[in-house]
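The data blocks that follow each hold one structure.
What follows is chain A paired twice: with chain B in the first complex and chain C in the second.
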Partner chain A sequence: MTLNYEFMLETFVESLKGIPVTLLITAISLLAALPLGFIMALVRDGNKHKIAKAILDVYASFVRGVPMIVQIMLMYVLFPDILSLIAKALHLPIDIYGVPNIAYAILLFVLWTTSFLSETFRAGLHTVNKGQLEAAVSNGMTTFQGYTRIVIPQVLTNMLPVLCTNTNTLIKMTSLCFAMSVIEITAIAKIAAGNNLCYVEAYLVTALIYIIICFTVENIFKFMERNVSKKYKRLAAG
Partner chain B sequence: MNITDVKLSYLIEYFLDFIPFLSVTLQYTLLAMAIGIVFGLLMAKGKLGKNRILKGFANGYTAVMRAIPSIVLLFLVYYGLPKIFMGAFAINLTRINKVYFVGITLGLFNIAIMSEIMKSSYLSVDRGQYEAAVSNGLTSSQAIIRIVLPQAFRISIPNVGNAIITLLKEGTLGYTIGLIDSMGRANQQNALTFQNHILEIYISLAALYWILTILLDRGFKAADSKLSYSSRAKERQTVKAGEISKEVAA
Partner chain C sequence: MLEVRGIQKHFGDQHILKGIDLSIEKGDVTVILGPSGSGKTTLLRCLNFLENADCGEMTMDGRKIDLGRASAKDKAFVKDRTAFVFQNYNLYNNKTALENVTEGLILGRHMHKDEAIKTARVALDKVGLSDRENYYPSQLSGGQQQRVGIARAIARNPEIILFDEPTSALDPELIEEVLSVMRKVANEGTTMVVVTHEMSFAENVATKVVFMDQGVIVEEDTPQVIFTHPKEERTFSFLKNIIHDTDYVI
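Then we have the complex of A and B:
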């Protein structure tokens, strides 16, 4: 078995153009889902909003239970539908066919990541003692301050290793965006492979690019962990 | 096609139509689990052992498998494996059932997953158990087989359940290489109906997987709580209490 190295080099350079798209979807999903997922975790763990809790539980079960590709196929049909219904009801002049596919992809991934991270945060919230929030509130902070200044920093610190795994899962999941005709790393390789009939070479290159991205992300998270634990040691030392 | 036009009769029709294709899902999941258990055990042994080369290989394999998207590995296996077999053994694999390609791809991932599960559940059994068994006269292998492994197996049940659910979900990607499982069947139906029932088809497909994973989840949770140490201890206690109350009554 011989490989077409020239083609591999070309595809590698070509695939690099897809990295911004992959990272854009990942970054927006993470940035939006971090606060949203935290709120979702709080609602699902609390007893205050019974109806919202029931709806979110069903939603989380859906996201966990249905394969991502099926979700993508379903939402790819549903989102434009819902959008057109909303536009009609509110008399908004939106051109449904003008919305780029990547917008639907980002919307789907934000929703997916929110539910995905809420599971992580639920586990994380249990690692921080409830008394800490009560102490913060009884010391005169508002509940919001108690969460943002006392609870969330600790949850995030505890969750860093899991967040790293989740980020990698998310990056890998974005490879399914080809089903929504979003041109990212996998889609570029797929097109190049089909045009040149060099399937193995193209996907070897894609695998390599994903490995590089995921290892970089892992190292960034490791660096963050080290820094955070250093900071805590300094704080503990006074 | 609009969301307001979804017909319940079609939903039920397609749902029933997809159910027989779950046998394909079962096939690749079983193949992947078999590969994962056999080679995962070897990998876990490598990770826990003292041999540095084996350890490095096992850890490296796991790290790489964590970084490759399933769709990319599936394409690599689907296009690469026949090439390798053709070049090395002159065996033509292009005509074999596609379910094997999906099973092997999932199996490659599953080796990494299962080895991690086996390693962590083996390590979570208290070292004192092994020492107690050995000091009671069991040989080292007896202690591991009779004392440590049964406990490790019990600890691993929730994780294995999650692994199986992940496998059968990832396997839906098999449609990209032309495998006809329930996802492939959905696309077939889409083509047959000229995309007119696309919403009904995907809603029934999502419902099928949703119900399946919920049932599996429940099953594994039930198995876990049934086998967990605390519930068995409780059972023993209630039996004892029953005996005592019988004695008192007598």
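Then we have the complex of A and C:
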């Protein structure tokens, strides 16, 4: 078997144009899911908001239990129909079907990442002893300040390796967005593959691009880990 | 200064505090003794609203508070006038010794940063840790961590400092450095309530010893009386068990 190298190079360059879309979905999902995931973790771990907790538990099971591709199809096929029914019922002059697909993709991935990260944060919250929050509150801080100044920085630090894996998982998951006609890396390669009947080449190129992205992300996280541990060990020798 | 009446607390079916009356005067060093499970720690935590009592009444600086229905303002009032030293120090692990002290001053007291640092340095000096202000808790020994915990408490200049078994988590050779800091704080006239098993501290530093068992105060008196002529049989048998040198008691 010979590979069409010329096609591979062309597709590689062409697919790079999908990176902004991939990174946009990833970045918005992460930025939104960081606070939302924390709130979800706190509600699910706490005992105060029983109804919210029950709903979020079901939601977490749904996100964990339903394959991503099925979730994407539900969001892409079913959700706009529901929205347009609601819009019609409320006589809202909105063209639901005019909403760009990427909006649905972002919404889905924000929801997915929130649930995904909430599990990470739940584990992370257990790495910080509750006494520190008590100390913060008895020292005059509000509970919110206790979380944002004391607990959450430690959770993020302790969970950096897991967050790295989470981020890479998210990036790779966005490749399924081609199924909802969002033109990102995978979609561009797939279209090129179909036009030229060069599937193997296209998938190899796609794999290469994702490896490069994920490798970069991994190193960014490694850099952060090093910096954090340096900060805590800076004076250990002194 | 601080007076509580009829504090009751349940955890589920367990009746932990069965009506506690306690009054603390300015400058008192009150030591609470008692077997584990007697409710000492719970009582201390209720005084600072780390735990909410089921019912009871508190009077602090003339402010009357119904403990069963304390408002957020009531709690803030009490928290602002008390400080808590924890059994496992509970230092903020992501903050240096200095930041552990300043954090509450800046956020809780709205103190200016420079002033907070100045206050914190005085407090760290008092506990003998001036040279460790930039160390993170993980770089400090247990005794040093607890001293930072005490510095964090005294820096707030509270009316009462509540100590919850401050030396129980420490290696024996580290206990003394913490006790000597506590003695120093006591000698400066700070009002303290201390839950501890350190009998020497109770005997030599306390102005009042309270013996608790099964959620009630069995007996309270000066250390001289408690350690030499306890009136209650339960106090006597507890002390006898704890202080092996029985000649010492009575």
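Following the convention adopted for this analysis, the second predicted complex is superposed on the first by the 225 of 238 C-alpha atoms of A that agree within 3 Å, B and C clash if a C-alpha of one lies under 4 Å from a C-alpha of the other, contacts with A are read in each partner's own complex, and residues count from 1 in each chain.
Methods note: contacts are C-beta pairs under 8 Å (C-beta built on N, C-alpha and C of every residue); 3 or more make two chains touch, one makes a residue touch a chain.
Note that the coordinates shown come from a computational prediction; the quantities given were computed from them, not determined experimentally.
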Should the superposition on chain A be reported as showing a clash between chain B and chain C, or a fit?
-> fit
First (chain B), second (chain C), both or neither touched by A:131 | second
Inter-chain angle, chain B to chain C through the CA centre of chain A, in degrees rounded to a multiple of 10 | 100
Kindly classify A:78 by the partners it touches after superposition: chain B alone (first), chain C alone (second), both, or neither?
-> first
Should A:68 be classified as contacting the first partner (chain B), the second (chain C), both, or neither?
-> first
For A:92, decide between first (touching chain B), second (touching chain C), both and neither.
-> neither
First (chain B), second (chain C), both or neither: which does A:172 touch?
-> first
Answer with first, second, both or neither: which of chain B and chain C does A:141 touch in the superposed model?
-> second
Rounded to the nearest angstrom, what is the minimum C-alpha distance from chain B to chain C in the superposition?
-> 25
Within their complex, state which residues of chain A touch chain B.
-> 1, 61-62, 64-71, 73-74, 77-78, 81-82, 85, 165, 168, 172-173, 175-176, 178, 186, 189-190, 193, 199-200, 203-204, 206-207, 210-211, 213-215
Could you pull out which chain C residues touch chain A in their complex?
-> 48, 50, 79-80, 82-84, 86, 88, 90-95, 103-105, 107-109, 134-136, 138-139, 152, 156
For chain A, which residues count as touching chain C in their complex?
-> 128-129, 131-132, 134-142, 145, 149-150, 153-154, 157, 232, 235-236
Chain B residues touching chain A in their complex are 1-4, 63-64, 66-73, 75-76, 79-80, 83-84, 86-88, 169-170, 172-173, 175, 183, 186, 198-199, 202-203, 205-206, 209-210, 212-214, 217
